[in-house]
Each structure stands twice: as structure tokens, then as C-alpha cells.
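Some structures are shown below for you to check.
In the two complexes that follow, chain A is the common piece, with chain B as its partner first and chain C second.
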Partner chain A sequence: MNKNKEQLLNKRYKAEQRFRLYGQSAIFMALLFLTIFIFKIFSTGYSAFQKTWLIVPVNFDAELMMLDENPTKQDIEDADYYEIALQSMWNLDPNANEDQQNQLKRMVSYFFEREIKQELLKDPNLLGKTKEVYLTASDDLDQVFKGNYPRDLPEDQRRVSDYQLKIFDQLVANGNVESKFNISFFTNADSREAELAGIASSFMGSIFSILVCLMIAFPVAVLAAIYLEEFAPKNRFTDFIEVNINNLAAVPSIVFGLLGLGVLLAIFQLPRSTPLVGGITLSLMTLPTIIIAARASLKAVPPSIREAALAMGASRMQTTMHHTVPLSMPGTLSGTIIGLAQALGETAPLILIGMVAFVNTIPGSPMDPAASLPVQIYIWAESAERGFVEKVSACIMVLLGFLIIMNLFAQIIRHKFEKKWS
Partner chain B sequence: MIKIKAKDVDVFYGKKQALFNISLDIEENQVTALIGPSGCGKSTFLRCLNRMNDVIDICSVKGEILINDFNINDKGCDVVRLREKIGMVFQKPNPFPKTLYENVSYGPTIHGIAQSKQEMDEIVETSLKKAALWEEVKDRLHEPGTGLSGGQQQRLCIARAISVRPEVILMDEPCSALDPIATAQIEELIDELKKEHTIIIVTHSMAQAARVSQNTGFFHLGQLIEHGSTDKIFKNPDNKKTQDYITGRFG
Partner chain C sequence: MNLILFTFIVLLGFTSYYFGRKKAYTIQSTKKRLTALPQFYGYYLAIWCAIPAFIIFSLWAIFEPTIVKLLVLSDYSNQGYLDDELNLIYEKTKALSRGQFTGEITPFIEASAEKYLSLRSIAQSSKVVIVLSAIIASVAYAYKRISSNSRTREPVEKFLKAVLFTASLAAILTTVGIVFSLIFQTIDFFKVIPLFDFVFGTHWYPAKAFVRDSSEALDPSMYSDTFGAVPIFAGTFFIAFIAMCVAIPIGLMSGIYLAEYASYKVRQYAKPLIEILAGIPTVVYGFFAALTVGPFLKELGTSMGLEVSAESALAAGGVMGIMIIPFISSLSDDVITSVPQSLRDGSYAMGATKSETIKRVIFPAALPGIVGSILLGVSRAIGETMIVVMASGLAANLTLNPLESTSTITAQIVVILIGDQAFGDPKTQAAFALGMSLFLVTLCLNIVALRVVKKYREKYE
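Entry: the complex of A and B
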């Protein structure tokens, strides 16, 4: 009998040990996946924060630019820079034939004459002189310099010719190639040229969408939750509403996109591709999440607090506003942040309402066309150029950073509230 | 003087009847104890007196409850003003998760009793003094009320209840979550409070009922079996059931 008992006890201990092991390996797996994911993104994406520049001497020849001796600011603005820009690239190899001259031109970014113009606008005294100017390298050379482009491929399978590589290597040897922090990634809007493409438009688009979403979803959801939880009679009809709110939370997001397309764009004629429409569509999606979180945290407020306030002669409204709602706020806010984080990462509904359009301007208000960060990732991931590969990962990093900051913010708010009520 | 007069009160939870034909008179400035086994309806009756049963959707109350000759079950009765006159202390101490000061000043604030900050300070001080808590907490009025011990929390709840100077205080097993020392303090307090307030206390402890009350009502299965002076109920009850209960034969 006693021996039997001991065996049973041993069995129980072993079962517990096994269970712990399962749990630990589950956590290990989760951490492993996370590490691989983050490592992959960082290792592909970090190089996007660097940009390769070619340092090329430019002769600001007044004659080629068709300028007088003493040009006004407007003259400088209107001058023709293409010729001197071309000349400065051709000067890298004075013996180049026509085809090679064309290749030389394609070593720098498509709009390289604009960079030369900026230089002269900054310092008009340069007129007639020669200065070394930083020109953005083409995305292919940028990738070559970062080591992301295989140089050992046969020439006809490469987008960079042997001749271009030769000139580029000369420049590198002379110290005329430099890598600097890629500011334009944050200040430029999207572009067809990978070396010029930036996230400014999609970042602002995301911020405007989230703000519109918050301003619509939060008040509506909180009011709905308070009414349902504190004031509405508990009957079949409110049960029915509750079930349907839960159903709404489970509706695939693309359906909300169709709703936005069919109602907001088709019926209300709101401007297409704008964060306004995006935000309204996302708020429909976020609404049930916030309602559910707010109701749960209202339910978690002990009934004894409500009774205490009611027994003091507080009206139902006073009980709710003075006690229940403030006590439930931390939970409601964290639910809101979770909902907004979901909305921030949402792509499908935005594609349907046209926020997938190529936007090369930075939106100044929710009424201007814009992309959003996840849609930008989608657009870039579809692009063929090698230069966009690292941009995709970099954009993911920015999106993740955005989410982390939001969660941190939520935590801080929660902490502040909880301290007050403890 | 009779303060509260209950006439033929029936209470239903949905279809289930919880109280049957309760008629009970409550004397002014005395302590009335309601005793009986669990589930006998004594707390339900207590909650009828400040219409706290309104909160429960399925609960309906019939009959007349006259307070100062005014039927509180009338449609014209405003529960907010009723509850200002009839305070309540609950079984589990339930201070608001706010400071001590905010706890006591909440009632006067929502009813607009104090005209100035100074007046409010006075109300808070007198209420805490009457609740025999002032000496212990006067240096930490702006600390959270939830940081006090159980007994102190319950006295804080009493201070909160008397801050609006109610005519009646309802107490629903106020000592059941407290240790004997805290219980003794509360009982002493009840004795003091009855000078200015009419007190109705629901209790499980017959010893407590005997100690603090002048009148006692005995409930069983939703009926008021017997009521009268505490002396008579405990020493010479008319009903056999009362006799059995107070001698500990059931309950």
C-alpha cells in the first residue's frame, strides 16, 4: 500500500517536471522565432539607413547654363543645369565614346542635376568656378557599394556594366565615394528611383489615418461601452447587440475595405486615397476591439464601488462618471492602443480604398492623398529593383519602432492612472 | 416616535418571492437589529429602505414604506434625495480608491452641502471625529483610503455615510469582515451615533444584536416572525421559532 503511494507521488512529480519542460520549450521556440525574425529584418534593413554618394567635380560654367555675369536669384532658379551636369559626369572619363557617356550618366541618380542646382542656390559665388559636389549614386551602384549586389554575375545579367564598375572602382580608390546617413529616406516621399524613395508620405499618411481613427473610434466606442454596461437594461435585445459586436470584431479587415469603397467613396464621394477615408475605414475595424476592452474593464470595477456611490445619493450618471469610468480607464486605454496598433498594421482595407496609389508628395492634411507604412511595404516589396529590398526591411523597422513607441506610451499612461487609484 | 413604518412589503426577484408581507415600525434614535439565518431576507428588507434594490433589474418591491409619513415607493420619490437622508454602510468596507478627504467630502460635494473649502474641511473633520477615526488619520487625509486597515476602512465608510447628516443609517453586517477589537470599536460607535441618527443594523451575531440594539426583528424564510424590544425577544420570545433560533437550535 505504502509503496503504491510512493509510486503515485513519483509519477506526479515527474508529470510536473515534464509539464515545466514543455512550457520552457514553448517559450524558447517563441523567443527563437522572434530572434530570427528580428535578425533577418535588421540584417537586410540596416543598410537602407546609409546612402552612397559620388563626389564629382562640377564646373559651374555660366555659358553652358545660359546665365549672364550677374544673374538674379530668379535667373539661377530658371537656369539649365542639365548640360553642366552631363559634362561633369562625362569628365570622369574624357575618352569615353557615346555609349560609355550614356553609362556614365546612369551612374548617378535620375534627377542629379537638381542636386547641382541646390549647390549653386546655396552659394551663387560658385558661378564660373569648379567645386566637388555630392551626387546621389544610382541605386544599383549603391547596392554594389554596400556589398548587396553580386559583382561576379556575367555582365549581361547585371544592371551595372563592367565599364561602370571600372569607373566606380576608380572613384572608390580616389576616395570619391562616400557613405552617409540616409536623411532622404525619412524626408522624401515615394519615388520610382529606389535611391530617392523615402517614407515621409507613408509615415504622415499612417499618422493621419491613426489620428482620424482614434478621434472617431474612441469616443463612439467608449460611449457605447458605458451605455451598454452601465445604463442599458439587460435583455434579449442587448444580448443580441453584444453578440453582434463580438461578431464585428471577427470580420476580416478586407470586408471593411469594401465597405469603405462602397459607402465612403461611392456614396459619400469622399476623396480617394486619403487618410481621411483610411482612418474612417480603420475606425470601423477598431470600434469593436475598443468596445470589448472598455466593457471588460468596466465589468472589472467592483460592484461595491458602484453601491457605495449610489448609497451616498449619487445619480447613476455621477456614479459612472466619478467612479466607474475613471477606474476602468487604464484597461480601456490599453485596449484602445491595441486596437490602434492593429489598425496601424492593417493593409488590406487601405488597398481597397486606394491608399495603394503611387504618391510622391508629402500629405499636409488628412484630405491629401497618401500611402501608409504597411501599404508602402507592400508597394516596395512588389518592386523589381534591388534597391527596394533593403527599403522594405527598413520600413518594417520604422513600423515596428512606431508600434513599440505607442505601446510604451500606453504603458506610461496606464502607470500614471494606476498609481492615482491604488 | 416612529421613524419608519413598513406596511405589507413584498419583494420579488423575478418570479421568486423573497419577502412576504413585512410590516415593521422603526423607532427614532434607537438601534433596531434585524437577525435571522442566511437567506432569510433581512438584507433585502434593509435595501428596500433606501431603494438600493432598484439597482437589481429583476427585483420588484410592493407595499408601502413610510419615512416621515412619506411613501418612498411612490413614483414621486426621488432616490437621490432619499439616499441623502438615508445613509448606508456595507458588509465589506468599500471606500472609494481615492484619498481619505475625497472619500468623506464626496457626499457633501455632490449634494452641494458645503459652501466653501473651509466649511468642507469642517464637515470632513466632524464626520471623522464622530466616526472615531480623526485621531488616527488627521495627518494623512490626502493618502488613499484603501491603505487603511479593515476596521479603519469601515469607520471611514461610516464617516462617509454621516458626512451628509442622514436621518437614518442602514448597516448591513458592518462587522462581519472585522476582528473582535475593530468590532468592539464599531459597536461603541453605533451606541454614540444613535443620539443623532436612527440606526438599523443587520447582523449574524446574536450577541451583537443583544449588545447594541434596543429593538430586534427576527426574519425567517422571508417572513418577519417576531419583533419587539431586544430584551423581550432575547429573554421571553412569543414564538417558538424565535426561541429556537436565539438558543442556537437552528440557523
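Entry: the complex of A and C
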């Protein structure tokens, strides 16, 4: 009998330990996913912040550029750079046949003549002389240099030919290939060529959308929260509004995209693909989040504050506007920032209102067509070219960076400025 | 022009505020008792100055284009043009008046362009006159009220309250907007495709509807067997099911562990770390699923002799599950912590171990709340878009094999509506019909879940 009891007890203790272990492993799994995730993004993305340059001697031959002696600045601006650009690439291998010459040309970005032009514009004295110029390597060579491209594949499965690799290896051996910080990733707009594609247009698109979203959602949400928390009578209509808000907070984001498409674009005829429409759509989405946060922080202001103000003869409106609302602001603001962070990461509704259009200009106002950072991630992730993979990860890193900063900011506001009532 | 008028109104509003306040001080200096604080006199005047002007201003902005268009096109009214042709003529007229017209200029269009320009300038100047006279009239009225020292605080506060109330209608308006934008397209869709075919059809192949000469009349029989949504609905619930298979055990167990076992320190660090998973944008999860998990599962499957699609439902569902872990864990954590301590104490006093207490006492007590949180998680899984768009297939297979690719409601909406859409096309309308079903399904789930959670809260408060 006694033995039996002990066995039972042991069994129960073992069950206890097992249960505990399940819990620990669940937490461990969740954290493991997070780690793998972050690691994967960083390990594929960090190399996008470097860019490979080929250093190629360029002969600024006035004759080939159709320039006279002593050209004016305008002449230099209008000159023909394609010929000298081609020549300088062909000079890498003087014995190249026509096909090989073509391959040589494709070793740099199609942008290369403009890079040569910039060089001459910077220093017009170079005319007639030879100088080593930094040219952006094609994205395939860029990937080869970073070691992301399998060189041992059979040649017909590679986008880089054996010939190009040979020339490239020669350049590397001579120290004519250099890797530098990739500024153009932050200053260029999107491009079909991976080596030139940057996040500037989608970044501005995101900023404009978020600003529009903030300008609409914040005032409306705060006013609505004040009404519901401080003035609304307890009746069916108020309940109905409340049900609406709670339900909207859980409606899938793509439905808001359909709303933007069906109402803002089709009925109000607002311009497609613009941060204006994107911002309005996002603001409808963040509205419930901000209302809920603002109401919670209004509720947290103790009634004694209101009673004191009322006792001093303030009206309900004065009590609310002068005392309750200012005291609730830290909580409201941090809720707003968290809502905006959600909006910043939102993709699906923006796709539906056309913000996936290919935009190779940097938008200057909310009325210009633009993409946004998450949409840019989607666009690049759908591209087949290998060079875009690291760009996607790098773009994700930028986006996550912004989200972290916003969330930290929200935390700081909450902890620094919120009054603790107890 | 509009901007100048707008700024002018705003400036006038500010001036009237100071003017009204000054008036209050003058009244005060005559030793009369004020009926409200001086700034309320200012607010009163400013509201009367700006609000009527803004109302006229915005009404004008809404109706002016329509009226001008009607007047310009009235010249063409009895010449038997179709609506589309009239619209084209109007567009040409506008382009010509801006000097951007490149086509052949007919005397008719030139005449209308002149008419258009003159109408526009009449409209502009009459707008300015009307807005200004409205300001003068209402300010005069308000100033008289102020001078006779009648009440100002009550009307101002009433106005503010009305503004607050209007803002709170925004949520209702959004819901109305959603229903409104979905319902008309959906009704049009079901005029062409019978509801029965949509709900019970097993072939979803909307690309077929695209191969259509737009001049031909719509022939409903063409679309039989094109818009059968069963594979889509099945795929949606299947992927959501896979996601919940990942999210429920991990989320629930970590919620329980954090609430009952974890020391203060572990809780302090682990909870926010897990919640990071909820803050990661879904497009990032989609990229992760498509580029890492999908190929990994495929390789794993091949090495075990299984045929795995690179866009398997397992990859999309699994990653979606990871995304939902924090929702379930933090909601169930909240629910479990709000179970009264007395229940635990009672159970311990009877000699139960901690895990027995959790399994036999706390879990049953918290069950409604946990079910609510799981339902919210399911609603999120069904509505999740980017992960499925990027990681799961776009062709709608009717399958229950997690290693094959399937498609979901959200993915199909994106596939149909990405790029240019033609409203009035059954394909576009199909996307709205799918959106409607998505909205209805998530609406039901949310309402049930919110009810359950609310009931549960009331029980222990």
C-alpha cells in the first residue's frame, strides 16, 4: 500500500516536471524562431550595404566624344560618352572578338557612360588624358565578388560567362576591383537593374503615407476617444459604436485595401498609386488602434482629478480639455506611435490601391506615385534576379530598424511622461 | 486660388478670436459682469467666422465641377450623343482650355472651351463673393450677440461636443464604407455567376475570364466552372488549420509557463522578446517563408523520398503559425493571470501539484478566454495576406496534402487586383465577392470571440 502511494507520488512529480518542460520548450521554440529569423535576414542582407566597383582606365579622347578644343561646360554636358565608354571596356582585352566585346560591356551597369560623364564634369582638365574611373559592376559580378554566386555551376546555367569571370579575375588580381559602402542603395529610386536599385523612392513613399495617416487618424481618433470616454451617454448607440471599433480592429487589412479601391479610387477618383490614398487607407486601419489606446489612457486618469476640477467650478468641457486630456497624452501618444508602426509595416492594402507600380523617380509630394518600404520588399522578393535577394534583406533591415526605433520611442514616452497613480 | 481663400479664412478666424476677446475686456472695463471667460467670447466669434465659410467652401468644391460640366454639355444635349462620347468631349474641352490639347480642334470644342473658361471664372469670383459675404453676415450676427453680453460658453461647448460626436462616428462610417465598397460589386458578380456555382463549384480558374473580347456581350454560360470557390475556401481553412497546429501548442504552453512558472526575471525578458514576433511586418514573414522555409522543406522532403512543392501549404501555414504565437501567448497569459488567486490556493491546499492545479482548475476556469484568444488567432490566420501571396501557390488546387500548394481567399484577391483593374469585369467583381466572404467570416469570428472574452472578464471582475 505504502509503496503504491510512493509510486503514485513519483508519477505525479514526473508529470509535473514534464509539464514544466513543455512550457520551457515552447518558450525556447518561440525564441529559436526569432533568432533564426533575425540571423537569416542579417546574414543575407548585410552584404547589400557594400557595392563592387571596377576600376577601369578611361581615355577621355576629345575626338571620339565629338568635342572641339577648349569646350564649354555645356559642350561637355552634351558630348557623346558612349564611344569612349565602350572603348575603355574593350581595352580590358584588346584581342576580344565581337561577342566577347559585348560580354565586356555587360560587366558594368548600363549606367556606366553617365558615371564617366560625371568624372569629366568634376574635372574638365581630364580631356585628352587617361584616368582610372570607378564603374559600378553588374549585379552578377557584384554577387560573384561577394561570394554569393556559385562559380562552379556549368556555364550555361550561369548568368556570368567563363570569359567574363576570366577578365574579372584578372581585374581582381591587379587590385582593380574594390568594394565600398553602397550609398546609392539609399539615394537611388527603384530600378530594374539590381546594382542600381535603391530604397529612396519607397522610403519617401512610406514617410508620406505615414504622415497622411498621422494627420487624419490622430485627431479623429483622439476626439472620438474623448467623446466615448467622457461624454457619451450609456445607450445602445454608444454600444454600437464600441462594437464597431472593436470589430474594425480585427478586420483583415486586405479588406481596407478593397475599401480604398472601391471607394477612394473608384468613387472619389483620387489619383492611383499615391501615398495620399495609401495614407488615407492606412489611417482607417489605425483609427481603432489609436481610439482603443486613447480610451485606455483616459480611463487611467483617476476620477479625483475630474472631481477636483469640477469642484472648482470648471465645466465638463473645461475639465476634460484642461486636465483629463493633457494627463492622458503620454499613453495616447505611445499608442499612436505603435499604431503608426503597424501601418508602416502594412503591405496588402497598399498593393490593392496600386502602390506596387514600378516607380523610378523619387516622389516629392503625397500626390506623386510611389511605393512604400514593405511593398518594395514584396516587389524585389518577386524578382528573379539574384542581386535582389540581398537587397530585400537589406530593405527588411532598414524597415525593422525603423520599427524598433518607433517602438522604443513609444516605450520611452510611456515610461518617462506617464504619471503613476496609486 | 482655393489655397489663398482657405488661408484667408483661417487668418480671419484667428483675428476674430482676438477681436472677440478684446470685446470681452471692454465689456469688463465697463464694470459689467461677463457671462463667461473672455476667451470664450473669442472662440464664439472665431467659430461663427470660420465654420459657415468652410461649409460653403467645401460644398462649392464638391458641386462646382458637376454643375460646370452640366452647363458646358447642355449645348450638346439634343444631338444624340452617348454618355461616353459626352465625357470624351468634356475631357477634350478641359484639355484645350489648359492648352494641353494636341488633337484636331473643331469649332464646337473651341466654343465649349471658351464657355468652360468663362464659367470657371464666374464660379471662382462668385465663390469668393459668397464666402466673404457669409463671413461678414455671420460675424456681424455673432458680434451683436457678444456685445449684448449674451451667453457664449454654452454654444461654444455645444459646438465642441458636436465635433467630438462627429469624430466618434468615424468608426461607423468606416464599417459602412467597407460594406458599401464590397456589396455593389458582389451583387453585380452574382448577377452573372449564380450564387450556387460560387459556393459549391469546385473549379477556380479566373484567368479564363480574362480572355474575353470586351465588345462581346457577357455570356454567363462562359463562366460556368470558372468561379467555383470551394478550392479557395478549403485552401484558406486548411492553411489556417496548419497555422493553428503550430500556434496553439506553442502559444498556449508559453502563455501558461509565463503566467504560472516563470520567475519575474524570465518573464521580464521573454515576454517582450516573444512579442517582437508580433511586430514583424507580415511581408517579412512572407519573404522568410518563400525563400528559406519553402526550399528547406522541399530539400528535406526530397531527401526522405517525398515530393514536396516549393510553395507547399506547410511552409506558408507553418510560418503563419509562428506569426500567431505571440497573439495566443499574450492573450492566454492575460486570461490566466486574471484567474483569482483563491482558486489556486484552494487547489494547493488539497495537495495538488502545480501542473495539476493548472490542468484541472485554472485551465477550465480560463477556458472561455482561451477559446476567445484562439478564435481571434484563427480570424487573423484567415485574413493574413502577404505570407500566402509570397509563399503559397497561386493556382487553386483542391487538396488536403500539406506538401502540395494551395491558394487562399486573400491570395486570390491580390492576384486578381494587382495591376490595372477594369470595374464591371466579372474577374474584378469576383475579388470583391471573395472580399465580402472574408469580411463576413472574420466578422462572425471576431464578434463571437469578443463576446466570449467579455463574458469571461465580467465573470471574474
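Keep this in mind: the second predicted complex is superposed on the first by the 382 of 422 C-alpha atoms of A that agree within 3 Å, B and C clash if a C-alpha of one lies under 4 Å from a C-alpha of the other, contacts with A are read in each partner's own complex, and residues count from 1 in each chain.
The rule is simple: a contact is a pair of C-beta atoms (placed from the backbone, for glycine too) under 8 Å apart; a residue touches a chain by one contact, two chains touch by 3 or more.
These numbers come from a predicted model, not from an experiment.
Student: For A:Val133, is the partner it touches chain B (first), chain C (second), both, or none of the two (neither)?
Tutor: neither
Student: Using the touch definition from the top, say if A:Ser315 reaches chain B (first), chain C (second), both or neither.
Tutor: both
Student: Tell me which partner A:Leu120 touches in the superposition: chain B (first), chain C (second), both or neither.
Tutor: neither
Student: With the two structures laid over each other on chain A, which partner does A:Lys234 touch: chain B (first), chain C (second), both, or neither?
Tutor: first
Student: Would you tell me the residues on chain A in contact with chain B in one complex that are also in contact with chain C in the other?
Tutor: Comparing the two interfaces on chain A, one with chain B and one with chain C, the shared residues are 315.
Student: Using the touch rule from the top, collect the residues of chain B that touch chain A in their complex.
Tutor: 50, 52, 55, 57, 79-84, 87-88, 90, 92, 94-98, 106-107, 110-111, 144, 146, 157, 160-161, 164
Student: So in the complex, the part of chain C that touches chain A is made up of which residues?
Tutor: Residue positions touching the partner: 153, 157, 160-161, 163-165, 167-172, 174-175, 177-178, 180-182, 184-185, 249-254, 256-258, 261-262, 270, 273-274, 276-277, 279-284, 286-288, 290-292, 322, 325-326, 329, 353-356, 358-359, 376, 379-380, 382-386, 389-390, 410, 413-414, 417-419, 421, 423, 431-432, 435, 438-439, 442-443, 446-447, 449-450.
Student: Could you pull out which chain A residues touch chain B in their complex?
Tutor: The contact residues of chain A facing chain B are 233-234, 302, 304-315, 318, 322-323, 327, 421-422.
Student: If you look only at chain A, which of its residues touch chain C in the complex?
Tutor: These residues of chain A touch chain C: 12-13, 15-16, 18-20, 22-27, 29-31, 33-34, 37, 40-41, 219-221, 223-224, 226-228, 231-232, 240-241, 243-248, 250-259, 261-263, 266, 284, 287-288, 291, 315-317, 321, 341, 344-348, 351-352, 356, 374-375, 377-378, 381-382, 389, 392-393, 396, 399-400, 403, 407.
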